[in-house]
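Structures incoming, each one as structure tokens.
Common to both upcoming complexes is subunit A, partnered first by subunit B, then by subunit C.
And then the complex of A and B:
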């Protein structure tokens, strides 16, 4: 009996299976690549060779794509990333005081005390310093993202890079490159800039106390970890399954939920082979003209979302009409 | 005579006055529809880029009625209280609109100083004269408009919720459900009740703001700061949600003042801008609710602060 958690994020889709003791037994990390449905199906293809539907006693989703993920897999719990990350972190260490989480498009800080979330903040309208920005810079410097952090550690000095805005940071990096600075120094400068930006922006006004856990995909970057430690003046811990924390949290929450409801809504691994796709249409019910998304499995509608008035949300049933939108 | 009134910015608070005044003068009133996708898109397209979202949306409202009316009312609100000013963008609102939109009808852009009966009446006189009305007619319309305004009460004061939050921010960000992606309904559906500033007495708002090191220059600063601080007192509310449009100058001051005065009180800032994807706002609201729930119900034996 396992609990499944799916973290459908902007950059990666993570699936975790945990056992009753909340120990991780399976992890799958996939790139979302703008196609959340396909990412889940790919993950399920891998899982269905090893597990039966009956092995899954609870399923939960989180991440910015948690709603679509829940419609597809049949989730018992749909939880925001903050709560999911906090649950997973507390599982590792009950005394954690601060969680720094940097994902593909979001960065967050969560302040805890006695195992309870006291305060949190997320980046506002700017995604500078998040995973997708680092991805892009790695690509531009022609360095595999996996080695990005090692480069930063190689540098003895750091080049000052503007960190406030992704566009400014990029042009600043290019200018510094044109002046002849080495890649390693520039990357270290970039890590320093992003950490500075995180602490001044997301972490503004928050007291960051140890123990600090650094989670999310960007925690793989050793340069970022070192830059945080340098700036904070104490050790920052990266949990073993740093990139799975959201999914693990969702699985834990789903397990708790099923304990209350008694049975799971999980729809099974068969969806890996089904034809799942989405169609969107402009609802003409009112002048809001919401862009409503319909999710189909083969020809049947399994979910709607995107409407502001919830006229469609929660509805299922109905079939695909050929030659329609 | 058809008088067009855009349903943007402070319309949400002062529509009884505006609508009554002009209808008492015998005009037919054309009010734009509630903000919708078309108004939103037109506003963003036509307005200067530096303005905040509600000002942009106001442009969309004007555009949607400009061909249906003979005269437009663009309220240039300068002061609502003595010794205080309102947001600077309101002072230049008519110029922004007149220079950004083409083929506009005549517009009433007289500054509004609503600090006293006499000051506000001088706006009414100019506006009334614009429509060719006599002093008597104007006075009568003005008095019934003021009475209508006094009768009108905006604001939210939910009861019956276990968790209650103080919803702060400029009224047009709170009450425009398109602009804020149905925020009020969202908060309620997450099981949280809402209180807004209108139900706190003016005197209390002033009193709270007296503790600041200087008297606030902007009306919105005093109102929101006073309300947030009062809402946090004696568990009147369990948390503050501040809805703010990206780029807002006065908000940047208010938010810091509230944070400084209430370092341990749950405080969530929601920034609105041109994005219509709701994932970001949902995540923040849900996480805030989870946090309040745990603070309130799972640790009754330890202090909820700190």
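And then the complex of A and C:
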């Protein structure tokens, strides 16, 4: 009996299976590549060969695509990333005080006290300093993203890069590069700038106390970890499954939920082979002009999203019940 | 003259009552939508705040409906809103529209004589007697107050309702039907009727719902399109919410301000953290945060458009209040982004945080 968690993020889709003791038994990391439905199906194709539907006793979703994911897989719990990350972090250490999470599009800081989320903040309107930006810079400098952090550690000094805005940072980097600074120094400078930006922006007004967990995809970047430690003056811990924390949290929450409801709504792995696709249209029912998305599974509609008035969601009468087979 | 005006929450309902009573032809722009924002964003200065862009969208859509005169309230206060009317006049002119603007500024800025002239220009279009004009104005003010009260009641009772969604349904039906009324009197009695119905919905008084105050910049807290319909969402979540800034509050505040007896409770509450008037509604934001804490609210959400100077100042003060009072406050910055997922994440996480805090306080640890 396993609990499944799906973290459908902007850049990556993570699927985690945990056992009753909340230990991770399976992790799948996929690139979302702008197609969340396909990413889930790909993940399920891998899982289908190893597990039966009956092995899954609870399923939960999180991440920015959590709502569509929940309709497709039949989730028991749909939770925001903040709570999911906090749950997974508390599983590792009950005394964690601060969680720094940097993903593809979002960066967050979560402040905990006695195992309770006391405060949190997310980047406001700008995605500077998140995974996508680092990805792009790695590509531009022709360095595999996996080695990006190691480059920063090679540098003895750091070049000052503007960290306020991704556009400023990029042009600053290009100017410095054209002046002849080495790649390593520039990358270290970039890490320092992004950490400065994170602490001044997302972490503004928050007291960051140890123990600090650094999670999310960007935690793989050793340069970022070192820059955080440098700036904060104490050790920052990167948990073993740093990129899976959202999915693990969703699985834990789903497990708790099923304990209350008694049975899971999980729809099974067979959806991997079905033809699932979406179509969107502008609803003309009222001046709101909502962009409504329809999700089809083999030509049958399994869900509507995006309507403000529930005109469409109401029509299907609960999409999960309609076409489970 | 065919008058129009920019949207701001429920103001359109009161303005309908006013213009119906005054006998003035008018066009109400279509409700704010991505379409209005797209039009506005296309023509507005890139760095201007969100309300400006939506308002330009309103004007152009209203012109398509036949409007030729914009009626707008002005402000010579130290925030960008003070520049709105001039900028918008220039912008609309350079786009080639022949549009009249009637800007209602405070008497202290333009003189009482000029204000009366401008008001008379509006009134003259209707050919009604002075008595009828006064009566129409009175009804419109009453409509504004009533619809604000009805809305506040629905937002508050949503946390207690037994039949989920009843408050939201009644509130939306009330607004929809108010727009079908043909006279201010009919509208007044309809809204009164709905207010009563919301007052008497079945509630569970044993429930202790989360209570959240909505604070921040006046346009983005009042205009639901600009804040991703946050109050509707809170009603869906079964959270009681309160918002101090409403059009009727603004009206009362404006009338009382020459005598300096406006919003005394807010002034008093905010004095410790922000003793100066810095423009916009920064003082109100700080004051409302403190007042909602004292009233036993669980938390507050501050909403403001990107680049709003007064609210940036209050945003940097709010953490101090949060720390001193142990009162969670979340800030949401809105701009012309229409993807909701990020806002829903923040909102849900904030509600989770408040719930867990409560469990912790109630049952001890």
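Things to note:
Note that in this section the second predicted complex is superposed on the first by the 313 of 325 C-alpha atoms of A that agree within 3 Å, B and C clash if a C-alpha of one lies under 4 Å from a C-alpha of the other, contacts with A are read in each partner's own complex, and residues count from 1 in each chain.
The rule is short, and it goes like this: a residue touches a chain if its C-beta (ideal position, glycine included) is under 8 Å from a C-beta of that chain, and two chains touch if they have at least 3 such contacts.
Because the structure is a prediction, the values reported are computed rather than measured.
With subunit A as the common reference for superposition, the partners subunit B and subunit C occupy clashing space. Of the two partner chains placed around the shared chain by superposition, subunit B and subunit C are both touched by A:120. Of the two partner chains placed by the overlay, neither subunit B nor subunit C lies in contact with A:107. Residue contacts after overlaying the shared chain place A:287 against subunit B and subunit C alike.
64-65, 67, 79-83, 106, 114, 116-120, 122, 124-125, 205, 286-289, 308 are the residues of subunit A that lie in the contact sets of both subunit B and subunit C, per the superposition on chain A. Residues of subunit A that touch subunit C in their complex: 64-65, 67, 79-83, 106, 114-122, 124-125, 204-206, 286-289, 291, 308. By the touch criterion given at the top, residues 30-31, 33-35, 229, 232, 306, 316, 319, 322, 328, 330-331, 333, 335, 337, 341-342, 344-346, 348-350, 352-353, 356-357, 360, 365 of subunit C touch subunit A in their complex.
Only residues 33-34, 36-38, 178, 181-182, 246, 259, 263-264, 266, 269, 271, 273, 275, 279-280, 282-284, 286-288, 290-291, 294-295, 298-299, 302, 306 of subunit B touch subunit A when the two sit together in their complex. Residue ranges of subunit A in contact with subunit B, taken from their complex: 64-65, 67, 79-83, 106, 113-114, 116-120, 122, 124-125, 205, 286-289, 308.
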